[in-house]
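Down below are the structures I want you to see.
Shared chain: chain A. Partners: chain B in the first complex, chain C in the second.
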Partner chain A sequence: MAENAKSNTPAKVIEKELSFGPVHPALIEPYRIRLFVNDEYVEDCEITINMAYRGIEKLFEGLPVDRALLIAEKVCGICSHVHAFNSVRVVEGGLKINVPERANYIRVLTHETQRITSHLILLAHAFEVLGHETFSMRTFLLRETFMDLMGYLGGNRVMASVAVIGGIRPRADLTEPLKRAILDRIDEFEKKYLNFVERVLADPMVMARLTGVGFMTKEEAIKWYATGPTGRGSAWDFDLRRDMKEYKPFDFNIITQDGCDNKARIVVRALEVIESVKIIRQVVKNIPDGPIINNEWCVARMDYTTAYNESYRGELMHSYALDDRGLLRNYKIRTPTITNLAAMEQVCIGDHVTDAIVTIASCDPCLTCCTRAEVVESGKSRSMSELEIVKKFGWRR
Partner chain B sequence: MVDYLIFAAGLIASSIIAIGIAISYSLILPGIERKVQARIQQRIGPPILTPGFWTVIKFGYKSKMEPIAQMPKFYKYLVYFGVGFVALLFLFRTPFWWAVLGWGSILGIAGMLKLEEVLYVLMGSQSQSILSTSMPVPDLAKGSKMPCVRREFVEQHSSERALKMMAIGSLPIYLALVVPFVAARSPLISMVVAYQNPSYFFAPWYGLPLPSSPIILSISGFLAAIVYLMGYVMLLNEKPFSILKAKADVIEGGVLEYASKLRGYYYIMRNLLLFTMSSIFVTLFIGIPFDPLMPLAFITNMLLSLILPVSLAILAAFSPILTFRQIYPITVSLSAIGVLAMILTISL
Partner chain C sequence: MSLKVRARSNSIHVMLFYSGGCNGCDIEAVNALLSPRYDMEQYKVLFTWNPREADVLVVSGIVSWQLLEPLKKFYSMIPDPKGVVAIGSCALNGNVYKNMVGEIGTNDEIHAPVENVIPVDVRVPGCPPRPEDILAGVVKAIPKLLEAP
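Let's turn to the complex of A and B:
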């Protein structure tokens, strides 16, 4: 009986396919979204990446470790520091290099400063996709505080280059005037930001667009491994900072929301900004005196070592080995978007087409960072394995 | 016979003057609109003449681009039709046209508005830009979860949205438009003006006839004016009702493929409609018509016509794009207010 019922179930009827990208004003990065829709409602979704393969992992191959780590920072513009930070953590873990406490504080300071810029860029982008230009521009205006702070710290607003093996660059040391500047700027920011967040949350039209849309339960978030604020918006209390030794001296809350919708994912990021400000304040007030770099180390052979970090979008993994001459071998980076992609494809199902783009944006994709190689042959497409790439292009292109 | 010739000469002269003034003035409005939005967004904003006037001039000098459309010639003509329809809509409520075959009536206005709305459906069904289905990416080579599904251009999707907006979204503005005619108990614009501003018909050409009892100051008129404002935003496809040209998915909708001169014409059409609809509002709800042969009257009409574009700019600056989930209930509520205004007009 049950089998009959199953066989009589009508097949899913899809009216049409709508495809967007890789060149599209709502997508800030090159990727293709195929929405299978009935009327205005998304029945299924397919996201294709690999539009901008840069081959960064292959660029690392055979480079001296200290030189190669400068490239790690270039993986992403929005989250440049976390790549540099995590990249040095691999070699520091593998070669047992001690990092001075003061350097750890400054790394955390840069990490949280950039977390705020990243979260605010997501908020601004989400408002832009919602069509709310005023909120988008106000968010960008607020973000300027932390872009400036990045510039004060490293001398560059985007690529601050703070972390180096064994500590931080001398340029990025925290001086007394800089401490005062940071505290003044964040006090001013916090006041404006809290008003802004209250205003956004009280806006009925924006909330109507966000609430109850892009639903993802906690179980689904775990199943698809939607890490970072994307998962925390579904009440998944998972944050790697809790276990990172760099974060032990700081008191902060892990923000979760049980709304499981676009609103929850946006609110998680909005509230995490406040927590990051709290951490920055603790860094500036409690930073210990002492050296900022440990030069007592030498390159040596290192087995495959992996380091995980709570990036702004979720879990970030860097892994590599060093050969006998200290040259890099088999660098692997797993950006949070790789795991969040599955969630992005699933959560927009059932949404209005216009909302589906907001849902995908609310998962904060950063696709250029996670792209791998792809080959299309005889009308068929497939991904290339590392071995194939090496065979085809050699170790050094 | 001589009377007819004099009338025809007057009609042609007044039409040329009216359209000339209207197009020139309408090209300033987007600048004002953008300036208001920019101030709200704590920006300086562009110079007033740039978004309207200089943009159109600039597009006039761009090299010619052939649109990618199913029927490119037809697609190109649609924008010319658009300019024509809006120009006629504008002229129908200038005093010389009030006497021509009943065009100066609710029927003339509603008819032209409907034609203008249909254009978006046709434009959307024609345009086939590279930004969606025909983008050269290895989609088909990679296969698909659903390989046999019809692939649609985003403009075609926008066209379907235009159809929905035509059927549902435009209801409030038509209800609001009817209210002044119900108040005047006549389908003619001349009677609506006479109901509010009898002195207009006796004023000399240099005079400024002010209305004695504008409809907007009555309860029903005020309600209808609010519905008109919202309907105006829906008709112009501006935020929050710009779903048929939502940047997030359908980008610009059916007008995506208009480039160079054609885009210039599209801007003229859009800006003229922006001015025409607000000028109609001043004529019907305040009782000051756009009379090209009465300078003070048309200047007053033009100045009061700023009310709606500025309101539209403020509304757009503070709102996101709404989806049909929100548009349907808003339309139903606005229509209910429109009907209430009509009932109040009849009963009071």
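Let's turn to the complex of A and C:
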């Protein structure tokens, strides 16, 4: 990239580097962005992650499988439920544990509740980076509805710990008063939220900043494997919820946008919130009676098993094996941000430098949960690049 | 109330430092400090990202080795008198990352608790702590700043 720029332009032009982070107002999480700019246009971008490296995958080694949940849930604080959910799905698939229907409904309920909080935190962050404080604050206020519901359901606003092996925790059962509270709160939320989305889409200033910036075609999205809403904003109709057996009873739409720009990626998430509200309403209305946990199982040797789930940012993979004593071996997690990072780095190339952070934010980076892999080379530590991870673990199942 | 205390109490600035961990405390702290429901400014505490302007440092997370030096540097940049509020179980004792290890025995990647790295005045437990608790923790750090010479 640098050589091309030099050969096409006069020798006077000095390539400049803009570096943000690890602690910077525009980045909530610690990571470092280097933007190589030429005349205020981004020529290359480099994202350095791995600031929150905790060695999580190594911690799992040799733990009993039921205790693994406690760590799996703390992989990420924004998408805590999906990690716990997917972690138990691995062992349920491997040891053929039947999950009661009622437990599946409540897991889906928590999943969709947290999907809304995650999408709204992205909207709040994107508007804050855009400089529109009012929209950001309104989103934070709307988000509180679902943080409260998570608190009512699991007892904690963030780490609800709903899923356990074979079902859900008794504390998280859906009682009649809770059903009424959920329906009341989401009715109120939906009214306010639709108003808010209409207001955002009618705002000429915000739309002018978002439209036509950060262009990623469908072919590029598939090539870089931009999963989740990031890919769906580029008209790539791919959602794992379509194939998951937990989602069979529910009727919902997969939102795609063909704008392929920042606006499309943000609108996809804004509209997915409405779909999630639809699913929550179906859960509360159609939840069957019955047991919430199946205790008829015992740890046994399990071969390497993998489970995929549609996390809030895209495709999430958990896989592990159990040895003869039922202890965990080879825990591997692949979070959506690992593949989305490649898209983030490429998408902001060619745009004005002021739009680069918005573009990166619109791809919804969650660097904490993707910070696990580390390669140590010649005494100097560096993080594993996306390409190496893909070569080692493959794009897809 | 002396003139100094009166002047200082109107200009308390808080800075957030996120030193690794799972993001949960971080989002809740941003919630507490910024969002309209748990408004920090009702206690005359303002939010800043500039360490040279800050009085209170809110630290969350385990201290990963990449952020060990930045944390010390940010602490030294804050002018005296300064207070440090450690929020979340990770900052207090390392949480599951330090205490629930499998066969490797000890986790050398992290430098938690935070008080091993910088002096801590107020501790807010919880995983993650509720925004009300974070507010209470920051408010508890204020008297130290006001009474300092």
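Basically, the second predicted complex is superposed on the first by the 358 of 397 C-alpha atoms of A that agree within 3 Å, B and C clash if a C-alpha of one lies under 4 Å from a C-alpha of the other, contacts with A are read in each partner's own complex, and residues count from 1 in each chain.
Keep this in mind: contacts are C-beta pairs under 8 Å (C-beta built on N, C-alpha and C of every residue); 3 or more make two chains touch, one makes a residue touch a chain.
What you see is a predicted model, and the numbers here were worked out from it, not measured in a lab.
Judged by the touch definition given at the top, the superposed model places A:76 against chain C, while chain B stays out of reach.
Once the two complexes are laid over each other on the shared chain, residue contacts for A:185 go to neither chain B nor chain C. By the touch criterion defined above, A:141 reaches both chain B and chain C. Once chain A of one complex is fitted onto chain A of the other, the partner contacts of A:281 are absent, as it touches neither chain B nor chain C.
In the superposition on chain A, contact of A:129 is made with chain B only, not with chain C. Look at A:20: by the touch rule set out above, it reaches chain B but stays clear of chain C. In the superposed model, A:59 makes contact with chain C only, not with chain B.
In the superposed pair of complexes, A:352 makes contact with chain B only, with no contact to chain C. When the two complexes are overlaid on their common chain A, residue A:36 makes contact with chain B while staying clear of chain C. Common to the chain B-facing and chain C-facing surfaces of chain A are residues 22-25, 51, 137, 141. Within the complex, the chain B residues that touch chain A are 37, 40-43, 131-133, 135, 137-146, 149-152, 154, 157, 239-240, 242-243, 246-249, 251, 317-326.
Chain contact summary for the complex, chain C toward chain A: residues 17-28, 30-31, 34-37, 49, 61-62, 64-67, 70, 74, 95-97, 100-104, 107, 109-110, 127-128, 130. Looking at the complex, you find that chain A touches chain B at residues 14-26, 32, 34, 36, 40, 44, 46, 48, 51, 127-134, 137-138, 141, 205-206, 208-209, 352-358, 376, 379-381.
Only residues 22-25, 28-30, 50-56, 58-63, 67, 70-71, 74-78, 80, 121, 137, 140-141, 144, 147, 156-159, 327-328, 366, 368-369 of chain A touch chain C when the two sit together in their complex.
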